[in-house]
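Pasting a structure here, questions to come.
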Amino acid sequence: MSASDAASPGQPPPFEGLDTISEPVRLARYAVDDSLPTSAVLATGISDVERAMADASAAGLAVIPHGGRTMQCLGMPPQRYDTALDLSRLNRVVDYEPEDFTITVQAGMTLSTLQQQLAINGQLLPLDHPHFEQATLGGLAAVGRGGLRRNSFGGPRDWLIGMRMVQADGTAIKAGGKVVKNVSGYDLAKLFSGSLGTLGIIVELTFKLRPQPASDQIIAIGAPTLDDAQRAARAAANAAPFLNGCIALSADAAAEARALGARLLQDEPTIVLRANGLESAATEVLSHALSAIREVGVDRPERRTSEIVETWQAIADLELQTPNEHVRLRLGLPPAKLVQAQVLLDGHLNNPAQWIIAADSGLLFVSTPRVDADTIARLRRELGPLRGRLTIESAPPELKSSVDIWGPAGAGARLMHNIKAQFDPQTALNPGRFVDGI
Amino acid sequence: MSIAPPDFESIWQTADRPDAGELGLCVHCGFCLNACPTYHDLGVETGSPRGRIALMRGLDDGRLEWSPRVQQHFDQCLQCRACETACPSKVPYGRLMEATRAEAFAQDRWPRRQRIIWRVIMRGLFPYPRRMRLAGYGLKLYQTSGLQSLVRRSGLLKRLAPKLAEIDALSPNADRPFYSNAEAARVSPKRTPRAHASLVTGCMMPLAYPDTHRATVNVFARNGVAVDAPSAQVCCGALHAHGGDVEASRDLARANIDAFTPLGSELPDAVLINAAGCGSHLKEYGHLLRNDEEYADRAAAFASRVRDVHEWLVEIGFELPMGRIERRVTYQDSCHLSHAQGIRKAPREVLTSIPGLELAEMRTPDRCCGSAGIYSVVQSEISQRVLAEKMSDVLGTGADQICTANPGCMLQLDAGIARFDDDQRMIPRSIHAIELLDESYRLGDQAQTR
Amino acid sequence: MKTPTALVLELIEAIGEDAVVWHDEDLLVYEYDGTIDRGNPDVIALPADTDDVSALIRIANKHGASVTPRGAGTGLSGGALAAKGGVIIGMNRMRRILSVDAENKTALVQPGVVNLDLGLEAERHGLAYAPDPSSQRACTIGGNIAENAGGPHTLAWGTTTNHVLAVELVTADGEVQWIGHDTRDEPGYDLVGCVVGSEGTVGIVTQALVRLVPRPSAVRTMLAVYDSVRDASNAVSAVVASGIVPAALEMIDKMTIAAVEPVLNTGFPLDAEAVLLVEVDGPESQVEAEGARVESILRRFEPREVRSATDHEEREHLWAGRKGAIGALGQIMPNYYLLDGVVPRTKLPDVLDAVYEIAERYRLPVANMFHAGDGNLHPCLLFDEREPGATARVLDAGGEIMRVCVDAGGAITGEHGVGLEKRDYLPWIFSEADMDAMKSLRAAFGPTENFNPCKIFPAGHGCGEAGHQHHAQQQIAKFGPKAFV
């Protein structure tokens, strides 16, 4: 069914009775790359989402779900874009059982609100995400990306135990449940997590939780060069496998992080280590890591900080920091290959800046003022043997017109297209923004 | 499994049949699979303990015909009983397999040739010490005349009679003087003995590994035990029982009970045995003769005194040896010591007591070497593959010598060294821990007198 | 003499006579797995590599024969049974550990590798493979992936799905593809997350890249003995609520002790109502302090005794008692029906009470040994299938127990899978729309008609009496179909 059919007389217009926006001025905030929708729906309950999707499906409208929009930069420009589905008002706690260490929340709740609620009971969700005060849990799950502590805590997929979604045709479904271990039926929560809103709208999520550690410690050590910092961080990660974070920052990244509130020493290449657990244990882990760092010849004094959340969040925010329309790259690869990968990127990129290297997790973020399609292609080729995967997380639309920000989808592409066809046969959801044109 | 209809005629014909209750203990959890060398090798469920029990049950409740295929699955079992160690339900698998084989033997389910050979060798030769000795001299002649090396070099046997060539490769080295039971009495403790033991010398050990017996008597004498070796003893019958020839095995058991515990005599403190396969069978004499009115009690009493040499040595406490043996030794748990008798620590305790000796453990030391009595001859293909895997574990340790606790294992492992130790790094003959202990005692004494 | 069918001949031609099992007497031993269902295959094919698997699937498809993958056959939900006959593809001969990358903490394995063998290999590199199902001495990684296997030590580390990074998958159409990535950075849908736990219904895994984890430098295993199951389960709730995440937190009740103790001599007191096995691990100082805290919590619930294993051997001994528990039940009764319900952890004491009440009402002995820290119960109903009506009684009681778990906000299976056994109970927790969405996922992986049929979803046509459809339907009639959804 096409949009013109839906507009035919006798049919009610789509989204009737829902809270909608159609003034261009107010729609500007829903811009994705250079595209603007013709309408936006502000959902306040799951039934709104069901209605909105049913209507959109009947009218053949293309829908892009919105949460906190911290990562709307991620993805190819939409092929079609009619309606923004704003989920940020779906922000209630549905069910919280502190003693079971599980919580069910609506998709529009922000990560920081969730953490505040959990903190009351001495609990937390150990996931990192840039701009956690805006980032919604639905968005976080839809992006599905592991953060700076991925080595210890994995990504959203590893903490999600249940999910409610609204399918492209408006049917509400659920997956998983409220128990921490569950193999009843297929794990659709894993399928939806990281699907960038292309299969359905995530409306409710159930997470398992962790207790807040008795002690959470961060120390920072300066290093003469980024290379030194990186080698030292790798050595620390090897020597202290129970670290909960092990990052090397370039001098400009350290400076920017400080500007954002991180308590680091100076604007110099810096190693940031994090460990938690019982106080003695965290101290023990850090001292193992420190001696490994000293052993590779980095001997500047360390600084301990008590501003754990501020410091860590400032670094996480940097992942998406794009000064002057920079292009921000994310690279994931086996941690032992980080040093080689960094050299490779350094050689190919034009004025690379703001390096963040999670040495234990095999993650690297770097930005560059300009990059062309050929360079990206060459990098991807040369990263192949290192088993590296390069994603452009943020770039101006003109670059996206010549480069696939995701890179080749690999052998799974066939299955991914099949899945998309099953779940969203009309390609109404986020059309063209995901991998391999999905 | 379904249960049999009431009018169903049981396939079993003898009282030695597998016990239905014991078959019922198996809950087919599969824990035994990875412990089973033949499952490992064949990769089929019919080659596993769980599968074989299912076949026994199939026969038991009439769902299955006892075809030659089924028989072949039973024949492929090594009876190493590693599955018993792995089994959380403690299914007495070894006993079930022996019972099944007893039925197979009684029902003539073997191929004709195998039956004839069995009768000639197992019934005509093994039970008679004199005939064994005669055969031993024949082997000695074959080896000392140079005929064996000629045959091996020519490769003629391999072409003409490959089966015989396999047997030849497994034949013991008969270069040492055969052991005579009278020898035992010539060695006695220096002081008044604290205990008295009777040594089971067996059918093959006196010919193939006479020095193990000598060392056993020396070691126990040194530790204050008077050892004798009753002259009327015969083969223990383990091979017969494993093969299913229960009647022959019962005859031998009765003869041994008469030899070791004549009516009216006192029981020895221990019936000592240095061969693991024999030891586990001797401990089963009570079960074997449970329905024999005349012998049941005597068999149980006899069995209660049976001790493996390692086991008893550790039990009574032994003098720490002083002589250094600078050697890297790896210990292969004989199945019938570890899985059947549960003795794993004692041999290691003996070995590690020897100064200079380094015990280098291999991967899965308690996995069968593929010898399994006559298995290495009857199922030679599987046996050789199991051996190949074992030897790769052995060679992986960099050991100089293999130590093990059963003559069959020694023969098999010696053949393994000959075939797989390409660099000829290892001492070509495996050894019993008791011999190493004896040697260490002797070296210690020499050092002192010097 | 039986003659081979055209299907058998073609399979033999593809992978050799040695690798195809088709005689009736040999097929008999492939009718079971670790539990009570049965299914009779027409032929077993034992591939040596990925190409074999692909070829086998294509041949089976050509002949319209159904395909059922099988690992070691230790499963507890009938997942490896040939519900509609056809070809069983037995993966147990593909059992090589292809490589271990100690620095990046990964291992590349074939699916037939036994879980414990991978664990031992990881140990040689100072690492561990975290999921450790009780059947780990025999079960295979391929089977673990299919069922998303757990185990005592997944409380802290997560289940199989948290430890599989990439797999080589042969889909139902015979196509081969690698999915996933060394560090989960493959762009696109989480296909690996879809495959793990799909119970072998979307394809056959022929290689897997798994995550290894660092070995803790210290471990402390504690045994707490209680005179009432309530006290023990309250102690569990208290430990969980305290914020400590033990490496393992297991409960074993009196009936289980009675089965285990005589054969394994683990040192569990025979007259205790329940024992808890609690393990903490990590750096020395952490283990010391956490161990002390856990111990003090355990002591609040009036245990008869709390003690710690003093050495490796004693620890292994305690664990042997837990991991051998299910098999040891053969000592009490010849058959068991093992359930796998999972409930929110605070509901554990009430649900346990209900389990005992139901068992008593049905006059069935019940043994409980389970992952208390995860809220994952394993009530084991003991019976003798030769007693007329016993099986039906057991299935009814089992249904009631599952119902109690569902009503408590839980699920019907925590780690064993739905398989044949629980498929008719799936509607208790999922609506038609939920299940339709799951089926869409399955359809994306290829033709579904003949690939591992009759598993997970309520029985379709041709699945016959495999499973316990009849009883399940009675149960559903009794309780209504959609109480939870």
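For clarity, chains are labelled A, B and C in written order, and residue numbers in each chain start from 1.
Here is the rule we use: contacts are C-beta pairs under 8 Å (C-beta built on N, C-alpha and C of every residue); 3 or more make two chains touch, one makes a residue touch a chain.
Quick caveat: nothing in here was measured; it's all calculated off a predicted structure.
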Contact graph of the chains (line, ring, star, complete, other): line
Per-chain Cα centroid nearest the overall protein Cα centroid belongs to chain C
Here the gap between subunit B and subunit C, centre to centre from mean Cα coordinates and rounded to Å, is 38
Here the gap between subunit A and subunit C, centre to centre from mean Cα coordinates and rounded to Å, is 32
Distance in whole angstrom between the CA centres of subunit A and subunit B is 64
In the complex, subunit B touches subunit C at residues 3, 24-35, 43-46, 48, 50-51, 54-55, 58, 63-65, 67, 69-70, 73, 86-91
Listed in rising order, subunit C residues that touch subunit B in their complex are 21, 23, 25-26, 28-30, 32-34, 44, 46, 72-74, 90, 92-93, 114, 116-117, 135, 137-139, 260, 263-264, 323-331, 334-336, 386
As the complex stands, subunit A meets subunit C at residues 97-102, 122-123, 144, 146, 150, 154-155, 157-158, 167, 171-175, 177-188, 190-191, 193-195, 199, 210-212, 238, 241-242, 277-278, 280-281, 283-285, 331-337, 361-363, 387-389, 391, 406-407, 409-416, 418-419, 421-423, 434-436, 438
The answer for subunit C against subunit A in the complex is residues 101, 103-106, 147-148, 150, 154, 158-159, 161-162, 171, 175, 177-191, 193-194, 196-199, 214, 216, 237, 240-245, 282-286, 289-290, 342-346, 371, 374-376, 409-418, 422, 426, 429-431, 433-438, 440-445, 456
